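Here subunit A shows up in two complexes: once beside subunit B, once beside subunit C.
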Partner chain A sequence: MSVLKSGTLSQERIVFLFAVVLFAAYALLLDGFLAPNNLVAILRSVSVLGILAVGMGIVVIGRGIDLSMVAVMAMATAWQLAMMNAGTPPLLATAIVFAGVVAVGIINGLLIAYAEVPAVFATLATASFVFGLVRSRFIVQDAVPVPPSASFILEFGQARLAHMPIEVVMFAVAAFLSFVALRFTKFGRYVYYMGDNYQAARTMGIPVRPMIIGQYVVSALVAWLAGLITAAGLQSINTRVVNSTLLYDVILVVVIGGIGLSGGKGGMRNVVIGALLIGIMLNGMTILDLPNIYQNLIKATILLVALIIDSRLNPRDEQVGQQGDI
Partner chain B sequence: MRLPESLSRLIYNAIPSHLVGEILTKRWADNLVPFLLLSAVIAIFGTAINGFFAPASLLDTTRQLGEFLIVVIGLTIVMLGGGIDLSVGSIYALSVFMSVVGIYLWELPVSLALVLAIATGGLCGAFNGVLIGYLRLRAFLTTLVTLIMGRSLYDILIISWGKQLQMSPILNDQFDYIGTGSLGGLPVSILIAGAFALLAHVLLSRSRLGWHISAVGGSRRSAYNAGIPVRRTVFLTYVISGLSAGIAGFLFAARLSGAGPGTGSGLELAALTAAVVGGNSLGGGRGSIAKGLMGAIAVLTMTNGLIRLGYGTGSNQLVLGFMLAFAVVLDIRWAKNRHKVLAEVYVAPVHHRMSGEESALPNGGGAYALNDRLSEATPIALGEVEGPEDVILDEDGNLYAGTRHGEIVRWFAPDYKRSEVFAHIGGFPLGLAMDRDGSIKTCVGAMGLYSIARDGEVTRLSTETNRSWLSVVDDARLRDPNDCDIGPDGRVWFTDSTTRYDAHDWVLDSIESRPTGRLLVYDPKTGRTKTVHDGLRYANGVCLAHDGRSILIAESWACSVHRYWIEGPKAGTMECLIADMPGYPDNINRASDGGYWMAWLGVRTPTFDLSLRHPGFRKRMTRRLPGDDWLFPNINSGGVIKFDEAGRIVCTLGDLTGDNHPMVTSMREHKGELFIGGILNNRIGRYKIPGANPEWTSWKSYWSSTTETVAEGDPNQAARRRESAETTLPEGRA
Partner chain C sequence: MTIKTKLARTLAAALCLATLPAFAQETGDPGPAYVQQSLAGKKVVLIPLALGFDLAQGWNHYIGSEVRGFGGVWETRDPNWDTAAGAQAITDLISSADKPAALLVHTPDLTSYSKLFKRAQDAGIFVIQVDNRSNFASDAFVGSNWETLGELEAKAAVAACGDGSSKKIGLIQGDQVNSSSLDQYAGIAKVLKDHPDFELVGAPDSNWDVTTARNVATTLLQQHPEVCAVIDFWDNTAAGTAAAIRDAGLTGKVKLVTTGGGEELDCKALEDGTFHAVVMTDVKGQSRDISALLKFLLQSGLKPGQAKSWIYTLETATTKADLKPGTCWSLKDVQAAEAALAK
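Here is the complex of A and B:
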């Protein structure tokens, strides 16, 4: 533990080393792992996950968590496509959904910042609410296809930039923008202060409550972006993804990358490294032809181990830990 | 009385507005909101769905309720301990699977299958418990992860064994009976759930573990400091939750005789919503099985109702998400603001009008006019004693007084320079009385009635009285025991000043002026205490009359002295002896001339008297002004009053300078001198009474003349007889 804390072997480095070792092992043992197409596939497979993790990362750094991200991702996109299918002009549909997504972020923020509901409960409740609302009121089937009229979305999905699929590019852009925002803007620095010591930040005069709302609006918008990219790649969006383990994969990326759940630590580099590790791992398991349910079990176990390590590295302070901070 | 005043009197005295505050102090008051919600849900769906209340429909609903309720109870217990368990959904599914495998593949008897299911649940719960209790992981995320692990495991198992299960030819009648049978018109599952709920309730409210769970949930650190094994307690809550999910899974397996891919999915959200909607607090510490029960019924009624009303996929999640957010917000805001609401509404003043004819103004004429004679008193223990509410002397002339530090201090005769701590009690000793055997009986503030033997040994006599049926606050507790005296038969008569406020909040009680003080009697023969009279505005001093047949009681905020008859034709009744005095009476004690000394803790002021006639004004005052700005009884100038058996004022003693004895709470005559105590004073006064019997002591007056008999109930006559007896007594002694 002392070695870990001294900085020579931070969690981020361990994870990075682990990713390298895993990569090397797969490269030696698995046929076709090193094929260029497969490497691109790895990146592509983690890019949606990575984009979600960018949003989640910002929230977690600010000592929150957003369990409604996958619901927003799937349901906002599904609603938008459904409206477009029904003949709403794409721009109008986008504007409406934009307003809806921002509203979800604001509701999350209001519940957490002003009503002082623990983030896990507030976002769990809004996740259920958003899924229920869209599924029962706005769409008729689990999956909503991209309407043929909106060919620009499909073209966007097929676009390449420097031989990279557009998903990968978007992931890179999102991570870079968030990096800049966290590192060089007032908003970003405040997120760190808030995550490090909420009370101190508040006493200092940082507008913590509006900041929290801002965080959740950002994460909701990022989730929507991830949904649009998914729809562009798959030509439809399946709302069943809400019940999948995608959400936990996102948390896995964030936690395993080294962004402590107690907030104030880590950055976008951790998200990228975490996403790479998970991508390599999942790709290897897919090549090994492990069924999905086994993969889930393995991922969950890894997440559990990551949580245990996280709690050892960033122990909660019982003196300042709030009652009800569960 | 003018009309507005009569109206306000009607409104404030007739409407029991104090009950609002008293109900809010109760833990069960938390149940009101979930109960209303439950009623609303049942009313809405009961009217929207045809045949909702038909027996067949109810039977089906209750059958599901049994399983759901057990899961919710487990979750409630975890939440009470300050945790959360989302993995119940997959523990439930795994237990269903194990029961089904046990019955249909391994052909186990029902009992073994049940054990298997419970063991599965307990094991999973223990896994959570180790992670969260011992490794101290975050409960929410950890159980979320174990939820996925369990679900993946279940998916793997059901895929590889599902076919075999469906092909199984086994039929187990007992198993089917548990699932579909009824006993006395009720489904077996709800009976099991009922028994389980009862067990859990007893566990939580009556057992050591239950109290530990509440303590850990209420404040983890305090629980740890109190020596409670916090980690083990947390661990056990998850084991209990796992066991509950196991039992519920077994019941589900029995009902459907199988397991499918969707079994138990989404259960965690429904159970969590139920527990929270029922009013169980998220942070722990507040919660009960009853709350879980209400939440479970409300949520199940609603989710079932939505399906039966034909709302499509997603509506359940919509409503559950909304209810969860709403209930959590309500719970958190309520927990945060409850004490503010309570502080806002608890003080409920009543209208009270006293006559202002008499005055205590010096040179104002009249019987009560105060003088400056107490300023001549010589101080004892000046600056050494703090808060001698009552003083008493033994036969050797040693002086005893209670102090704010929870001690009874003894000063030695004759000069009272030397002192020792006679007894340490821990609470503030107020009224004192000397018993026949020389032991001291004392009312200890906020604690009860205690006895201190001659060697200083402290014995608790009474801390509670009988509970009256209709009071909301627990009036069995002695909240503010104030003064005591001992009857010839050894019974101790004492007062409990108020049932609504703790002793240090006496100002609020005076502002409220609500009659809740009581006269109690402790019987040493039975060791029991009972309430003999209530409805006094701050019952304060008590003193046994010289003839031992009645007892005098000071009613501070009503400025009155009453006589309660112990025996004789009027036994058990109370009559007013002195009404509407210009001062607030405190302790009363016997005087050598057959009369009584009474302490005034303060004198009335026209402003506060006026405010007593305006309850609305006092209510606004306590809500809007800080305590320093409140109007309350003047305690800066008191005095000592002597009255005779008929209630006539004989003389007054005051301290107009306010240097020596501004507020007097007690005085005791001993061999021609008066010893004066004040609860806010830093000295005991010693005043030479002109013309008093130099041999008279209080102890002799109580315990030496045992042959005294009084034929008539006339107090004056008794007093006269007593006077003649006393003139002869000292000679006999000397």
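Here is the complex of A and C:
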């Protein structure tokens, strides 16, 4: 423990080391793993996950959690495409959905900051609400295709920048912008203060309640971006993703990367490392042709180990005991 | 001719005339009354995996119109891909005061609903399994023989590759619990046994998720760019596999074979070359089979659980060359018809 305590071996470093070891092992043992296209494929496969984790990361650093992200991602995009399919001009449809997404973020924030509902329950409830509302009122089936008239969305999905697929570029941009915001803006520093000690931040005069609303609006908008990128790549969005394990994968990336669930710690570097580890792991397992159930088992085991390490490195101290976890 | 016979004839003619009006009312056809008595007011409930995809909406429309047509009551439950919600719906229906006469169930896996099917039959409800079979043989199964379907896919893939090709095939399976996935695999394996020169280079699962399909297909194509055909077990996930083929710049070189409900999107994908072949389930024909079976069971005097049958839908591998107007059905039309009904 002394090594861990002294900070030379933080969770982030352990995960990074693990990712490097795994990468080296796959590179040695698996033919074709090191091919440039495969490396690009790894990045692409975790891009949407990574973008979602960027949004989730910001919220978790502020000691919250947003379980409505995947619902917002799928349903906002599906609603937007459905409107476009029905002949609504793309810009108008986008504006309407933008307002809807911001509203979901504000509702989450209001429930958590003012009604003081725990974030887990508030966002779980809005997730169901968003899914139910859009699924029953605005779309008629699970899969909504990108309308042929919106060829710009398709072209966007095919675009490459410096040989990198657009998904990867967008992940990099989202992570970089969030990094800058968290590090160098007042908003970002406040997020850390709130996550570290909510009461103290409040006493200091930080507008904690509006800040909470702001965080959930950001995570909702990031989720929508992830949905648009998914739709651009697949030429459709399938709302079944709400029932998948994607949400847990997002939390996995955040926790495994080393952003402690008790808030106030970590940054975008952790998200990138977490996403890379998951990408390398899944890619290798697919090359090995491991069935999905084993892949899930391995993923779950790694999450458990990460949680245990997290609780050893960031023990529940008196402060957390008083304020509660997320 | 004697007077006696003349008299008899006249009498007979008179009798005929006298009874004529009665004949006009009673044609002697017992059908309509019997049908009315056996079918009218009978409740039939469809419980698909979810209502939000093409097959389920097709059944809802085509079978629903038939049931309403014979004077029955048509209802649906939407578990939205949640096995527990589906089980709850079946349980509620079994114990409801207004019991349905028949359940049409699209089972998620081999075992989850088996005990419930038995309970439904014990409660006097006919159970017809649709599309996916389970381990329990209920009153009937209507759907694909998934093994045959897999054989058709494999044959289409072998034909698409041809002799001069790499003869390497990749699969994007569904999962390892759903009969439609397991049986498809068995069918494909059978055909490949007859073609020992063909090699299966990878068979990852999509877990029925389109993004997962895209990721695993990308990896598969990356490892084996020489693959000549990929078989994806469902047209919904094949959208992801198609994206992977497009990303890899292998459009036209890697032939994508899949299976689906024969909705317009399938035909469009065949038309533009996204799919090379689709083994189509004839939803209209299948719905007609189910409707006929319902009419039979409810009139037959059979008790639920007394007989069992498997009614396999005719499947055909459709390629671009086979496309004709009317090959596919239109979800849009079906939805418009349902919306008009709701008004």
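Here is the rule we use: the second predicted complex is superposed on the first by the 318 of 326 C-alpha atoms of A that agree within 3 Å, B and C clash if a C-alpha of one lies under 4 Å from a C-alpha of the other, contacts with A are read in each partner's own complex, and residues count from 1 in each chain.
The criterion applied here is as follows: a contact is a pair of C-beta atoms (placed from the backbone, for glycine too) under 8 Å apart; a residue touches a chain by one contact, two chains touch by 3 or more.
Source: prediction; values computed, not measured.
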*asked:* Following the superposition defined at the top, how do subunit B and subunit C come out on subunit A, clash or fit?
replied: clash
*Touch check for A:181: first (subunit B), second (subunit C), both, or neither?*
neither
*Taking the superposition as given, does A:117 touch the first partner, subunit B, the second, subunit C, both, or neither?*
first
_Taking the superposition on A as described, I'd like to know which of subunit B and subunit C A:309 touches: first, second, both or neither._
neither
_So in the superposed three-chain picture, is A:154 touching just subunit B, just subunit C, both, or none of them (first/second/both/neither)?_
neither
_So in the superposed three-chain picture, is A:38 touching just subunit B, just subunit C, both, or none of them (first/second/both/neither)?_
second
*Contacts of A:297 with subunit B and subunit C, given as first, second, both or neither*: first
*asked:* In this superposition, which partner touches a larger number of subunit A residues, subunit B or subunit C?
replied: B
*asked:* Quick one: is A:96 in contact with subunit B, with subunit C, with both, or with neither? Answer first, second, both or neither.
replied: neither
*Regarding the shared-chain residue A:125, is it in contact with subunit B (first), subunit C (second), both, or neither?*
first
_I'd like to know which partner A:251 touches here: subunit B for first, subunit C for second, both or neither._
first
*Clash with subunit C, by subunit B stretch, listed 26-34, 134-142, 170-178 or 260-268*: 260-268
_Taking the stated contact definition, name every residue in subunit A that is touched by subunit B in one complex and by subunit C in the other, in rising order._
135, 243, 293
*Can you check the complex and tell me which residues of subunit C touch subunit A?*
50, 52-54, 57, 80-82, 175-176, 202-205, 207-212, 214-216, 218-220, 222-223, 236, 239-240, 243, 246-248, 265, 331, 335
_Taking the touch rule as given, give the residues of subunit A at its contact with subunit C in the complex, in rising order._
31-32, 35, 37-38, 41, 44-45, 48, 135, 140-143, 145, 158, 165, 230, 233-236, 238-241, 243-244, 246, 282-283, 286-287, 289, 291-293
_Of subunit B, residues touching subunit A in the complex_ = 82-84, 131, 135-142, 144-146, 148-149, 151-153, 155-156, 159, 219-221, 265, 269, 272, 276, 281-285, 311-322, 324-325, 328-329, 332-333, 336
*Which part of subunit A faces subunit B closely enough to touch in the complex?*
65, 111, 115-118, 120-122, 124-137, 243, 245, 248, 251, 261, 293-294, 296-297, 299-301, 303-304, 307-308, 311, 315-316, 318, 322-324, 326
